[in-house]
């Protein structure tokens, strides 16, 4: 990334899971856009409605993060290009930016055999964050969790995602949870979050099947059609496929998917959601939905949808959107749950509409308010 | 239908194509609902948002219409029940109401060999309408075109749908065009429509593929995804299948389908729409859509939808909605194109939003205004 | 059923699960065909290739069976007609035949609280069978298991399906297992089956997704395409939906589905099979398959199939086929596993080809041999 | 390609349309396989059943051909890799082989403004072929037409595909028509073909939708299910998409598709086939099939299939198969239509079975016979 104009303050984006597919696509993609190699397809905040919102420019973003693996970002990008996730040639074209971000990745935890206490881990992560801000002279840094989904928390111990969230709060960083992991949603962090004065957003980025459900559910409700059963199967092969094929890990994710139906239909239809790990699909996912509904006089009808998308390519621009919006929310003094960002999440914080169109309206209103902070 | 309460004025619903599948389902369905045999699934105007709109009660509706065939409604209903379009047993249960409506069906035209001029036909149709209103002591009658789609008009002669529309105006009846046929959209009728002081609505009921497109198109636009191609194939076997397999007849319908994409996406993607006549499917239709879109960094993704519905069951409740809404618009003194009813149409009159959610918002606002006419 | 010609011996068809959807459709359907109300669609043995096989005529079949519920067949048929499984009007048209079969249904077991031992149950079932043959003067009776799938057997106790199978052997009746239940596949019955001199066939009728797999699997193998993953989801709402949603019950069924892939592809691809209970679908089932395969130079391609069928209508003609073929096998002195009937089963007995085309060839060869018993 | 063993005679493969996607994939793919870069997925003749057939080794094949465009093969390969048709890196890895084949491509015709007569063109093409054989010291050369589909021939003039076919005959080369173009199927060439003593095969490679139909059609026939309607839509964006969207050009192709249904079902069901040009899809094609069929007692059921494949990757290995088989047929003295190759074609020459399984059996028998020419 070339140096931003002198007056533009630099903003950090600290990615939990910084060596994963999503994070790699975020870093490579941002570099590709600022270099003019690609149009900003999928990036909502590059639309005209956000021109006056005062969002940090893409050129002002500085990337770093935590991860527990050690494959360098340039190599991860090559792997993604071989799998068709990144365009061929892109890893080479943005090799410098990938290497720069890689130098700002710190070892996360707990690692296997790690004997540090939760408190010690939080302290270490906080120090990594403060160091990142200090070294780059950042105006602020947003922490975004894009790590693989962790199993549902059991007991009262803080799961890793909550350790990182606690570190974000302690370092004074706004926090975005793009996964269904616990993060800030832990009782032990509620008081800290409230008193921190920081804005935060989440949970679980809405990238495919649930995005579609939040667009289609309202249609059935508006037309007074009676959805009897809504069944779905997801096939995916990236890291999340293996994790989510475990029912315990999938529970949080599926709760978000069901909430969308319940909230948009006003009722919970029959039907299950399956998440299958299919390594042959790599980072590509296929979601089949079968919706059995009754029409006039009880006539039975069916809608089926098949969504074939690339998980990282769907998630990455939303991560950039959220980092920019949350950074600006922080800059303008907003605190607490950013319910206006429900457009981006399966299971949004706070009280937010469930229909995609209403969420979009709320987002546009927020975009306007951000530009006119008084 | 049992007699309505004394003070409730009776309202006529005059169906062009009164012996067709849609009309038969409208009459049988309204009777089934008022008899408590079925819940009002698919009937938007039975929702709580319309409770205060002053709409005519279903029990106050009186049905009649024009048709050029002579199969009695009770027999048509039996045919539809045999094909799974109406529930088994319903034709018997509402035989009296079907027979009553059948007595109010008049012969339309022009019939083969008919030597009447356009003016004579309009006069005859107008008289049929006035007679219907008079005999039943109706407060008003709404004319709804649910006849098979006619070929695109060539030359300046008025096509049949326009003859019926002209008769509606002359008889002082609000007019709804549920088909893509010309109806009021004829230059020769523009002045008459404007000076009539009557409300009207149309064109082309949005019952399946286009309904779906108006719900999904905005999703792509809101997420800044780049729709490259939107292709579709419709298979249907009822009367409309045979008519619309003719490219000339399908032209108007397809124009409406394309308008939805252009208006919601802001661009016209590649792709065609096919309408195939498949008699084996009877009144059931299947619509397959294939949407090729680019995401972040140009990654190619695909959404496919398969909609399997019963055309008459999808259309009939919308016809009842439109008749009630238009009757109330007339009662409250509204005139001209009812753009607030764009929710119901592929190719709405006037300047209306194209996204389904926005159309629904406009409808709710209209519902509120109808109840508070001052 | 009208009386068969004098010389035609009557053949019994004894259905385990005689009040279920499949059995009801078998009895009603056979009556409809012999009355000339319907063409024999789906009945393979009515084709010209079987004309010389000496199969018992449909008019010679006499139905009875065991069940643990007590809803009379005529009423079950009405329920099925209301759900669209049987044509409207058929229950009335064949009421006499349904009532006749109903009189030949005996109470199965063990019922809840039943204190009879396995031996006592087998004795009771055997006596029911012998009585059926005796009363009707049958040349023979074939026992066909069409009951709901039972959970995989645990321990050494005989599950109910095996009790019925043992009774069939003891009564000298050929046996067909149309379900994945244990039936004759119990070690305790192996000796008895071998020494009985009776023909038997099974297991698990191939009616939908697996039928399709056995037609498509060979295509990939023949074209040297590399199937990487074959995933599937079944939605069904009839009795089997509830039973098979239980992983223990589904295990046997899924083993059969996987065997087809392994045998036709020569390898076991990635992918899972789900069976969801969706009561809203009633007796209709939907199966979605997603097949990810590699072509030339590793190019990734996908085939998806969606099968929407009526379970009972798919199964019933196969049951009639199997009853006729097995009866004739018995008549011509055949004994042991009828591997030539693999065409009909997910998990065929004996060593049989897995590709549908090869199974059909074997069936035709068998049909020829049956007509020419030396 | 490294030099073949000394005793192995070299065999030419002369591609009409030598700069197209299919031809480029053939040349690049053969080089990749012989270099051990990829496994021979999709190449039927590399299977064990063909080990003793005496087919020419892949290393012995020499490529050349005619085309009317002049984009060099190495550049075409780069374009295909950018579109995901060839693996990234392959064009570089086999650059030498692509350049070698490119040097053996001669200008075809007639070009725009070309004033040569049909006879002159045939003479020129024949000379190109003879020169190719002579320069490389080939034992023989097989001519394979993989050019874009040409419009259905009108009048008696020889279309270009027939000019090339005539040249093949005159040069003593076996001929394979992988397209639906006329080629040898012209009355003016019938005598020449018969007297040439050369083997030939065609027409129209069976790569996607029709392959599937030839696998599924027999299933319905074998199960005595009554196919009422078989409808299909193809979306494709490569060169063939533009050509086949023209109804005249599509006519021959669709005739082949319908023939498969008629021959496997024994009846022609309702339904149409559409071919849409969707440039956004590039070389990828999607075929949706909707099959409405009746089961037992007329119960209506539906199978839908969605095939998403890469046209060139599907075609290329079949072209290599056909070149090897036809070369060996020539070597072993076979002449006339090779009906045993119906496995590969939509519209096979001669009298051949239509069911894929039967075609495969015939192919295996042929493979065996080729190895044992006496």
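Each chain carries a letter (A, B, C and D) given by its place in the written order, and its residues are counted from 1.
We adopt the following convention: a contact is a pair of C-beta atoms (placed from the backbone, for glycine too) under 8 Å apart; a residue touches a chain by one contact, two chains touch by 3 or more.
Keep in mind that what you see is a predicted model, and the values were worked out from it rather than measured.
Hopping across touching chains, the smallest step count from chain A to chain D is 1. If you take chain A and chain C together, the chains in touch with both are B, D. Interface comparison, B-C versus C-D: the higher number of contacting C-beta pairs is recorded for C-D.
Here the spacing of chain C and chain D, counted between their Cα centres, is 43 Å. Inter-chain centre distance (chain B to chain D, centres taken as mean C-alpha positions): 49 Å.
Shown for chain B are the residues that touch two or more other chains, namely 302, 304, 306, 308. Of all the residues in chain D, the ones that touch chain A in their complex are 81-82, 84, 88, 306.
Against chain A, in their complex, chain B makes its touches with residues 25, 28-29, 32, 38-44, 46-47, 85-87, 90, 211-212, 215-216, 218-219, 222-226, 294-299, 301-310, 313-314, 316-317, 343, 355-358, 360. Residue ranges of chain A in contact with chain C, taken from their complex: 228-229, 231, 233, 235, 269-272, 274, 276, 278-281, 286, 288, 290, 292, 302, 304, 306, 308.
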